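Note that subunit A is present in both complexes that follow, paired respectively with subunit B and with subunit C.
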Partner chain A sequence: MTPRPVITTDELDPTDAKRPRWRRPRVRLGRWSAPLGIAGALVAVVWILVAIFAPIIEPHDPLAQNLAILQPPGQGTLLGTDELGRDVLSRVLSGARVTIPLSLLLVVLSVLIGAVIGAVAGFFGGWVDELMMRITDLVMAFPTVILAMVIAASLGASLLNAVLAALIVSWPSYARLTRGLVLGLRSSNYVISGRLLGFSPLRSLWRDIAPNILGPILVLASLDIGTAILLLSGLSFLGLGAKPPTAEWGSMVADAVQNFDAWWLGVFPGLAILSIVVAFNFVGDALRDALDPKANTLRRGGPTL
Partner chain B sequence: MIEPAARPPRAASAVRGGRAAHPFLRYALRRVITSLLLVIGVTLVTFVLTNLVPGDPVAAALGQRAAEDPAIAARFRAEYGLDQPLVVQYFTYLGNLLHGNLGVSTLTHNPVASDLAQALPATLEIAIGAIVLSVIIGVVLGTVAAYRRGKVTDHVLRVVSLAGLSVPTFWLALVLYYVFYYQLHIAPGSGRLSSDFNAPPTITGLYTIDSLFAGQLDTFLDAVSHLFLPVLVLTLYTVGLLTRFVRTAVLEILDQDYARAARAKGLPTRTVVWSYVLRGASIPILTVVGLAFGSLLSGTVLVESVFAWPGIGSYAYQAASHLDLPGVMGVGLLIGVMYLLVNLIVDLLYGLLDPRVRLAS
Partner chain C sequence: MTGTAPVLRADDLVVEYRGRPPLRAVDGVSLAIGPGEVVALVGESGCGKSSLARAVIGIEKRAGGTVLLGEASVPVLGLRRRTPQMTAMQMVFQDPDSSLNPRRRVGEQITDGVRAALARGLAGSDPADWLDRVGLDPETVNRYAYEFSGGQKQRIAIARALAARPRLLVADEPISALDASTQTSVAALMRSLSVEAGAGMLFISHDLSVVRRIADRTLVMYRGRIVESGHTETIWADPIHPYTRALLAAIPIPDGAGNLPVAPLEEDRATWTIELPDALERTAA
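Then we have the complex of A and B:
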């Protein structure tokens, strides 16, 4: 490395407004994260369309066992067939109908439950706050997959039970986040003046606080869709979610272990999971950049766009 | 400075010598008590879940025919305390836990506690390997990304770490196993040792360490080669998490006056990174190591089952897929307590590293 004896102003404050506009890091970050976010959004939209139109675009019935068994990809079918003579491509496409709606439902429900609990705890404080936060502590005392696994096992193996188990472990992070945000805003002047004007707590929460805390919650939610998909397919992989013959990605990967030579049985459902989770994570990351500039720029002097 | 050896009277200690030790002890005590309360909470969760099971425990244990005989059912209920109120049952359950009794697995018919005791070292071996590796790699990559902020390196690392977080662990494990073992024959097969090796005499239960104690170098090498793939899969996942957190933490510190001053007075980058930046960033990094340990434990459940690694993850998988509730609850309890313990250690280290933490509370 060459020694650099002189410190320039650029190094001391890289976000300095004296820099030409095109050299400001914020602009460069935007240039990089936006395309990733857009690419992610495109992939996600394609998968959602697949989930909607799967019955039309599937080349075969995903449950019909009427093809030659264990055909490698490219020999009659695009992605091969499984040990029961079912078309892998059709099953992967049809898997989108299971995983995507359920994980979106899971995230929406977690946000609703978590946000309501967190907002109530943060706004009213006192014993309500204490009780709710101890419950979140308790849930968060377990690693998520483990607790979800334990709950799903005691509820009995089914997809809906897996969603329920995942819901029980997912809401606390939203409760924590919302509570923190509400606490921060509760004593701000505009909220207090609303209260002095006679706003009811509900109106104050809804009109004054909710619009201002939506951004961070949305970012967390968008990053959580990927986690939800991984959690649900993981539970199915463990045999605690979808039941055969349902075409579900996690259980398809689990079934592939039985026929190790037929690599296409496990590879394609896994790629499906990977592609959609990456897509949602890119979207979430770009959203965070857009809504929370602090996360990627220096705090002091950073342009606030 | 006053030597703490000769304890000054109480009033004086508040002003001078005791100040260093006292707040930390108080802080530590508070954290230990909170953790103990959470452990009790964890037992409550597993107890409630065990009792939530749809289905008749008598039928599950004795079979349908025996359960239909009221005399047998009543005796079974009395014998196992099932006729007692739930509160009493909970305290019985707690008492059993304190005696190390986690129930009997309906799958292996062994006491769950002894099953878990046998499986734990295997899991610790990959978990420790993975956490050490991912902390090293994550800190290096995160620091590099922060220093190269906005440059190509930063963006490449960002994409890689996001992708690492997006890979389904169980699938990646299968793919690597297929490629490196089944196709290329580079990696050894599943399990902890190849079939022509015997387990080294048990001292710690970790084969790598035990084989070194026994002086069996070839066993050591075989154990390490078996560790490679499972540790790699678990590391890939946590590295993504760590890289992103370390990057943010380092960026925050680089913005602090003392880090600026260190750079401004011309200290070599290495000194600035080691003595200023990473020291300052150590607390947020510690937090995320604690959190990463949780996702690592979750990951072991999915990864071990693929590599037939005889740890608590495989045990959990077997128990879950056969709906062996005592087994599942035992694993949940063990991992919950381990996770709490790790986070307690993290919090205590905080207090040691950062006086503000113990003074604030």
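Then we have the complex of A and C:
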């Protein structure tokens, strides 16, 4: 009789970080999502290059009304012309210059504001935490798009006001995430060790906590770029953002609504929005898998969160 | 303890946790640790050992009592930054995996300790030297914590604490998470390095055989109180308090006779809370 294999309890414990068998499914997941992530990154890079070089690669002036009106695609111009005789392709390319930098700016500012507020709330606790989290709750209690519309409308229609409105509604999710992460790490042994060695709260946040919570925040930010683009072009679609004659995807789609026969007016800026939002979402998903705190724990053998 | 002034003195320390009724984890404990002295704190799980250690160093709120490091009162670690003076008190934790920042090089983290020593006007030191002294390759200063085993991580945590040139080292079950062969060597290392540095050490453990080997004095704790204390060998050879006896009787003896320790009975437990003044402050025989 052969001896029965002995199964120890720690082989059965899925939380045990040292068991290599739990590493495998995670890595496989990462491999699956990597091609999409790379494809997304490529599309995003192409759009960013377009945004940079739009004035060079545009076949026509996106604002000049000097072509035959409502030409379908392929007849003189690649993507047709609009009701004022402007080249749709040039306007779509030019639209990247508006949407991409503004949405990146929006996300960067949201992360900065949200992370600072969340980190302060999480680290200091007490009434500071209460106050900041109640403000966060207050903002989050409103439907994002509707609140952004109200703010944008009261500020007056302009692209910068649309960014400001979007900023006011988008920082709370970062504040919440950061607060939770900081709260979790604040009482961890290495943070306490640092404090016992004389770290000030600021130094502790910067040296011991920030590097260990950056991953999840970056993932949320990368997933949020798509949302930011949608929100900004949505506000423009509603007439609360870009003003004519600026070539902006959301307002181009809005213009197309008045001219349903000319399908190319709405479809191409719509595709532009679709492609870039999907691309950034793929990048975000891949980043999430790559920076997954749990997968990280397995790979590095140490809890980072 | 000889005539020298203690590095640490705690009087009538009380730690309570909220609840109904509140849980009194540490119930009026006093202790003093001299320079270069290793004091062990033993007792069963939940007896308040860790609460006491954390209250001493100031990471647990105290419901009563005072703690003095030298002459200065030890504040509870809040939002305020620790004064350089208070960095003379360092701690080594039970879990080596969470003791080191996973995103910073181990050399950098030991440098934090060196800086704390410099801030108190003491001599600086090289992080690589510290790695060498705790038995690790000095070339590994640029590695990250995940590249080391649990025992090695604990050695790095010890190096970081000692690099601050502490007057008192609090070690909260520093060897419990390590395997048997590493436990003894890490415990011996902690003793030799702290004695060499002239630092007092409060060493918490439930491993009595290790305690016997490294502690000058032992405090036996049961239900938040010190039931027996004094010279380690005296307690070991002649335990007076029934709880100490039970604790020592629970150690299996590898004499080949195959006698396993017998679990204590309920009526035995009832006797463990009695106070025996003779069992306190026992001196060397």
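Things worth noting here:
Note that the second predicted complex is superposed on the first by the 264 of 305 C-alpha atoms of A that agree within 3 Å, B and C clash if a C-alpha of one lies under 4 Å from a C-alpha of the other, contacts with A are read in each partner's own complex, and residues count from 1 in each chain.
As a convention for this text, a contact is a pair of C-beta atoms (placed from the backbone, for glycine too) under 8 Å apart; a residue touches a chain by one contact, two chains touch by 3 or more.
Please read all numbers here as calculations on a predicted model, not as lab measurements.
By the document's definition of touching, of the two partners only subunit B reaches A:260; subunit C does not. When the two complexes are superposed on chain A, the residues of subunit A that touch both subunit B and subunit C are 299-300.
For subunit B in complex with subunit A, the residues that touch the partner chain are 38, 41-42, 44-46, 49-50, 52-54, 149-150, 155, 158-159, 162-163, 165-172, 174-175, 178, 182, 248, 251-252, 254-255, 260, 263-264, 266, 269, 294-295, 297-299, 301-302, 305-306, 316-317, 319-321, 323, 325, 328-329, 331-332, 335-336, 339-340. Within the complex, the subunit A residues that touch subunit B are 1, 5, 7, 11-12, 14, 25, 28-29, 32-33, 36, 134, 137-138, 141-147, 149-157, 226, 230, 233-234, 237-240, 250, 253-254, 256-257, 260, 263, 266-267, 269-270, 273-274, 277-278, 281-282, 285, 295, 298-300.
For subunit A in complex with subunit C, the residues that touch the partner chain are 17, 123-124, 188-190, 192-201, 207-208, 211-212, 299-304. By the touch criterion stated above, subunit C contacts subunit A in their complex at residues 57, 59, 77, 79, 81-84, 86-87, 89-91, 93, 95, 97-104, 109, 112-113, 115-116, 119, 144-146, 157, 160-161, 164.
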